[in-house]
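Both of the next two complexes hold chain A, though its partner changes from chain B to chain C.
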Partner chain A sequence: MIRFSDVSFTYDGADHPTLSHVDLSIDEGELCLVVGQTGSGKTTLLRAINGLVPHFTGGHLGGEVRVGGRSTRDFPPRELADLVGVVGQNPATSFVTDTVEDELAYTMENLGIAPDAMRRRVEDTLDLLGLHELRNRPLTALSGGQQQRVAIGAVLSASPRVLVLDEPTSALDPAAAEEVLASLTRLVHDVGMTVVLAEHRLERVIPFADRVVLVPGDGAPLVVGSTADIMATSPVAPPLVELARLAGWSPVPLSVRDARRLAGPLRQRLAGAPLPGTSAAVGGAVVGADATPVVRVARASVHYGPVVALDHASVELGAGEVVALMGRNGSGKSTLLAQLAGLRSPSEGRVTVAGKPPTDLPARKLITVVGLVPQDAGALLYGETVADECSTADRETGLDPGTTASMLDEVLPGMPQNRHPRDLSEGQRLALALAIVLAPGPSVVLLDEPTRGLDYPSKERLVMVLRKLAADGDCVLVATHDVELAAQVATRVVVLAEGEVVADGPARDVVCHSPVFAPQVAKVLAPEPWLTVDEVRVALGGRRRDQ
Partner chain B sequence: MTSDAVTSDAVASDAVASDAATGRARARSTAIRLRPRASVLLGVTSLIGMAAFCWPLVIQGHAGANQAHSADAPWLFVAVLPLLLAVILGEMAEGTLDAKAIALLGILAACGAALRIPSPGVAGFEPVFFLLIPSGRVFGRGFGFVLGAVTIAASALITGGIGPWLPFQMFGAAWMGFGAGCLPPLRGRAELAMLAGYAAVSAILYGTLLNLWFWPFGAGTTTSFSYSPGAGALANLHSFVFFDLTTSLGFDISRAVTNAVLVLLLGRPVMAALRRASRRAAFDAPVVYH
Partner chain C sequence: MTRRSTPSGRRGLHPAAWWLWAACLAGAATRTTNPILLALIAVVAAFVVSARRTAAPWSRSIVFFFRMGVVVIVVRVVVQVIFGDRLPGHVLFTLPQVPLPSWAAGVSIGGQVTAESVIEAAVDGLRLAVILICFGAANSLASPYRLLRCLPAILYEAGVAVTVSLAFAPEVVMAIAAVRDARRLRGRPTRGVAGLRGMAIPVLESALDRSLQLASSMDARGYGRRVAVPSGTRRLGAGSTAVGLLLIMAGVYGLLDTGSLPAGGVPFVAVGAVLVGVGMAAGGRRTDRTRYRPDLWRTAEWLVVGSGAVALASLIAAGVTGVSGLQLVVTPLRFPQLPLVPMVGVLVGLLPAVAAPAPPTFATIRHRPPVVDGRPEPVGPADAVPSAVAVESAVAVESAVAVESAEPVEGSRA
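Then we have the complex of A and B:
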């Protein structure tokens, strides 16, 4: 279906080829997963399939890419539109119309399909993706997962035979991601669609993939093979695979179910091993039970009109703690963060940070007490370059020139100083926002969903930064859907539902026995309460990887 | 937070990285390339367009014949000018107009047209030209020409400004955009000052040219500053200057000042945004197969 013959590609003005001598053949009806670190050339490979590389980007392409018998050399992207559908990371940027039905019909209108055929295909697409209940809804009123399914529907309505998706779930929360992946597997199994998928969050997708293409980056040759083979050696791997490598399981299990069936002996070995006190204690943070809480939320309620966003919630956070705030969308996580950041005062109850309600503090003082990194880190960034952003932050917060820049160097060394903030990777953007927030030295740091769109190395980096903050005596509160992050970094987990605190306790107690919040390692090793691969490695007598 | 340099939008960012490798972003890219034939055609149509504006000053003698045609001659240009515009825009679009340029053209023309809604021209506040100048500057003269024409056409559709004056306005704005794309490659403060100056001068020129078109109709035939077909170029120029001064120069000057002030205030951020768009669209990156 898709055939790369000796394909090399160099961007205009670049010294090194991004792809070099790629030979790859993807068969009809295959779900092919493309993995690799940020910047390795995954996106370039995907875009070469429908000719966006090089027709859109410019550059030198050697060799030939053929899709369904058509060469991208002779057919520009518009003449491949009926054959290849491309879906990007952020569905909202691809929307042209206002409602679901219109969006599905738009592609067909451009391809000049007859109205009655168009009508029928819209219905088919609605059914195929389970969108029929949303057909008249405005696109802006949809959740992230629904939007992404509409974006997939919009390219499907042209009835392509190949679907190319570039990180379709990395900006979504786990539930939305499952929604999208379920739709994709349905397309592969029921319709026989050929799907090529790039993804950071491997734990979500590897059970579904037929084959994996590993893009090592720097123009090194691709590694292609069955999912289990590639995962055994891949530099990017989900916790499940890391655990399998540690335990020496072969072939590498790809789902929790497979792993559990192999994990009996490991569970027995671990049964007597001493548990680390808390997961973060291993990272160096110590939580004193007698420490006076820095943050007190006492029976706070917040109403947005008739909606109760927070319902008599009480939480206390101490210095040196990393607390994960979990719960489904709309459970009140962001509202609680907004309270602590002094963006809003509660309708009832009392919120204090370092003894005072944050809304009483003047802005200059507030930023030295509490800092919030919002969900979209780019919202804090409006300068033209990274260096510009740092100096503006220094000026506006009254810090000595260079403070933010040196903080940034601590958070993530080697940032490209002349890059536009919007041209940074998710990880780099988060680092920049974090540096700006941390520079005034707040004692309470709040992060809203920081791991969306981050690859594994970026997440590792974030975990290290958060642990260091806690070790320095700061209080860190992370609102997150990411159970692996919570397992790695949190000393305590607070779960919200319908604005109420439904669980509050040490991370291990809260997440281990929850089917929703348990990390992969805990699911595999249950009832043994282990949270991360590192803990298991230590228990087996190995050294932690990050020390 | 990887330390490796490239972004999640790897394609665009690789292009950015390559730009960083080759030095600072270029002052100007070429979103619409003018091929030789289009250039010649642009020259010829511009000459005819100029004639359409300036005929009252140029045509001499034969008072009787001129008088006889003074009513229908302007309408000839009104009819011919849209055809000329269609020819040149068609030629420029032929083969060289890619999806990226069309998308940018659409967005910028829509923004420009929207800028005209809150600006009925009261006290010369007409920001519709403001966007045109940085755009022509950043995306080159071919793009500036097309954008000028398209912006005015789009805004006329929105504001109900369709009439015999429309092709003249389109030509005027197209030249304004074209000129912005021809300015010398200065950077920094000098560039901003140059653009502000250009914005002021071009606004006055635009106003004067459109007056020139309107003059034979607008001033009737009886006043002392009316177009008089038999009077000779110098006398007519004299009456036109008088007409221009008395009717609209005040308006034109205030428009020139608003334009220049807008460029000074907003030119930098707007051009930074446009340059970033131009960098990411990689207009100048050739597509090569080997």
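Then we have the complex of A and C:
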């Protein structure tokens, strides 16, 4: 169905090729997973399938990409639209029309499909992706998960034979992600659609994939193989695979179900082992149970017009705590963070940070009390180079020259100083934004969805930084959909639903008892309440990997 | 209650009907300088917008146009005070005068400022402001994208540019909000000159970035696909459009300058229009686009456009028949008259507030779930609205809106 023959691609002005001599063939009805670190060329590979690379990006493409017999050399993306549907990383930027229904029909209109057939297919797509209740909504009024489903529906409705998705679940909560992946599997099995998808959160997609394409980056040759083969040796692996390697299971189980069937002996061995207090306590952090609260949110409500984003929510956070804020898309997590960071004030109730409402503080003072890394870390950056960004941050916030640069060195050593922030990888960008936020020394650090688009090594790095912050007595609040991150780093988990706090307690208690928020290790080892591979490794007498 | 399947019920009024109605009101505003009539037109436009706008983001643009209107009036008055014509009359105050050379006759800087000249300038500004508000009303009521869909196929050529530019303004607004937040998070000023400095580049950068992504998304989704058409047809399309437009241009010249062309240029215009029509039809065959649930033109559309036409016609008729009070008289200064016929005519422009179908909308009401056994019943699907707002079906919402606004929503849903 898709055939790359000796494809090399170099962006304009780049000194080395992003893809070099790629030979790859993907058959009809296959679900192919593309993995690799950020900046390794995954997105380039995906966008070459329908010719967006090089027709829209410029650059030089050698070799040939053929899809369904058509070469992207002769057919621009618009002439391949009936064959290939592409869903980009950020669905909101791909919307052309303004309501859900029009968006679903847009591709079909361009393809000239008869009106009555179009009508039927729109209805089918609405049902397939559970969008029928949203059909008249303006696209801007949708939550992230809904937007993602509309973007997928918008290309699906034209019934392409190939579907290309770039990180389709990165913005979704665990339940919504499962829903989207389930619809994709159904398409592969029922209509034989070919699906190519790139994803960092392997734990979510591994069970569905037929084959894995590992893009090592820097133009090194691709590694292609069946999911189990690749996972047995891959440097990037989900917790399930790590656990399998630790326990010596072979073949490597790819789903929780397979793992549970093999996990009987392991569960028995662990039954008597002492549980660590909390995962962060093992990392040396102070547990903030009896500390005086630094952050107080007392019955705070926030309304956006008729929409209630936060509904009498009350939370207290103490020094030395790492709290994970979880909940489905649009449950009020970002709103709560915006309150704490002093960007908005509550419609009702009271929010105080270190005894004062953050909105009362002038910007200069505020950043020494509370720091927020927003969902799109790049939004904080607008310098020309990394070095320029650091020195501007020092100058504008009145810090000693070099403070931000040394903070950056602590967060992620060896950053390329002369690169433009836009050309950094996702992990590097996050590190730079984090360093800028941490430099003035805030005692409360807020992160909104920090692991979006982050590969496993960058995630490990982030976990260590957050643990260190907590150990130094800072209060850390992380809003996240990433259950594995929460399991690794959080001392406490707060769950929001429809703007209300529905759960607040020690991480182990909250996540282990939730079918949605439980990490893979907990699912495999239930009823034993283990959360991470590291805990199991320590219990079995091994050494923690991150020490 | 069963769901009515009338497209106008589902989708609101045809966008072209809103634009024609607004254009008629704007046209009416150009025919008068009576401030009461002008204010009345603005009120009519604003009332209809508040009654029939959707929850979509563009429906808030009328506020922006109102603000712009105020700016226009202020600028017009300031310019008049400094440079304007010196009408004789009640002197309000005197500005120091700058002597100008004799060739600059008719222009003055400073001097006596009279109440008459200020009022005349203010009313002049008001007229422009009202025209702006009328266009703001059309912008708020009709989705720009749906208006674009009504264009004939050949004009779709310009569609990428138009779609991208339509998306640009909201992108800029969103980018400004994001950059402001980011600046506050980095401890930089967000207000005043210092706040403005350094915001322009990131805002434009991100908005342009998103525009490019939009263009690539349109391409990837088949926009601008071509059907193979014989080159003869293609040349016929382009050639006949070009010749037709030239003829129309010549004909209009003839219409304005009587005697320069035979029969006042009317034949030129007619032949030109036919040629343009042929060209569009030939050019349209190059794309095989179809339309999903096209907007229909029904009784409601006729009523809306008709009400605008009545408003315009009443003012034109009053002007032709010489009804007094249509134009503001500043010498002598007195309170403007209230001409009855134009006033009633303008008020007819309110008709769309009831004649147009209620816009399809989503939950606008905070819905508390019924409490059963002390536990609230779950409402809405898992991935619902970002809040406790229950997602309601279009049917339920339609009825809820009907109750809330206590206005007949049936209108002319034929």
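Things to note:
Here, the second predicted complex is superposed on the first by the 418 of 547 C-alpha atoms of A that agree within 3 Å, B and C clash if a C-alpha of one lies under 4 Å from a C-alpha of the other, contacts with A are read in each partner's own complex, and residues count from 1 in each chain.
Quick note on the criterion: contacts are C-beta pairs under 8 Å (C-beta built on N, C-alpha and C of every residue); 3 or more make two chains touch, one makes a residue touch a chain.
Treat the numbers as computed from the prediction; the structure is a model and nothing was measured.
Of the two partner chains, chain B and chain C are each touched by A:Phe56. Once the two complexes are laid over each other on the shared chain, residue contacts for A:Arg119 go to chain C alone; chain B is not touched. Once chain A of one complex is fitted onto chain A of the other, the partner contacts of A:Ser458 are limited to chain B, with no touch recorded for chain C. Using the contact criterion defined above for the overlaid structures, shared-chain residue A:Pro138 touches chain C, although it does not reach chain B.
When the two structures are aligned on the shared chain, A:Leu111 is found in touch with chain C, with no touch to chain B.
When the two structures are aligned on the shared chain, A:Gly414 is found in touch with chain B, with no touch to chain C. Using the contact criterion defined above for the overlaid structures, shared-chain residue A:Arg364 touches chain C, although it does not reach chain B.
A count of residues in chain A touched by chain B and by chain C gives the higher number to C.
After overlaying the two complexes on the shared chain, residue contacts for A:Gln428 are found with chain B alone; chain C is out of touch. Contacts of A:Leu317 after superposition: neither chain B nor chain C is touched. Residues 52, 55-56, 78 of chain A touch chain B in one complex and chain C in the other. Interface residues of chain A, counted against chain C in their complex, comprise 50, 52, 55-56, 76-79, 81-82, 85-86, 88, 90, 93-99, 101-102, 105-115, 118-119, 122, 130, 133-138, 140-141, 143, 145-146, 149, 154-155, 158, 173, 175-176, 179, 304, 306-309, 311, 328-332, 338, 341-343, 363-364, 366-367, 371-372, 374, 376, 379-380, 382, 393, 396-397, 436-437, 440, 498-500. Every residue of chain C that touches chain A in the complex is listed here, in rising order: 10, 54-58, 143, 145-146, 163, 170, 178-179, 181-190, 198, 201-202, 205, 210, 213-225, 287-294, 360-366, 381-389, 391, 393-394.
Residue ranges on chain A touching chain B, taken from their complex, read 11-15, 18, 37-44, 47, 52-62, 73, 78, 89, 167, 170, 217, 384, 411-414, 416, 418-420, 422-428, 430-431, 453-455, 457-458, 461-462, 465. Of all residues in chain B, those touching chain A in their complex are 1-22, 99-100, 272, 276, 280, 282, 284-290.
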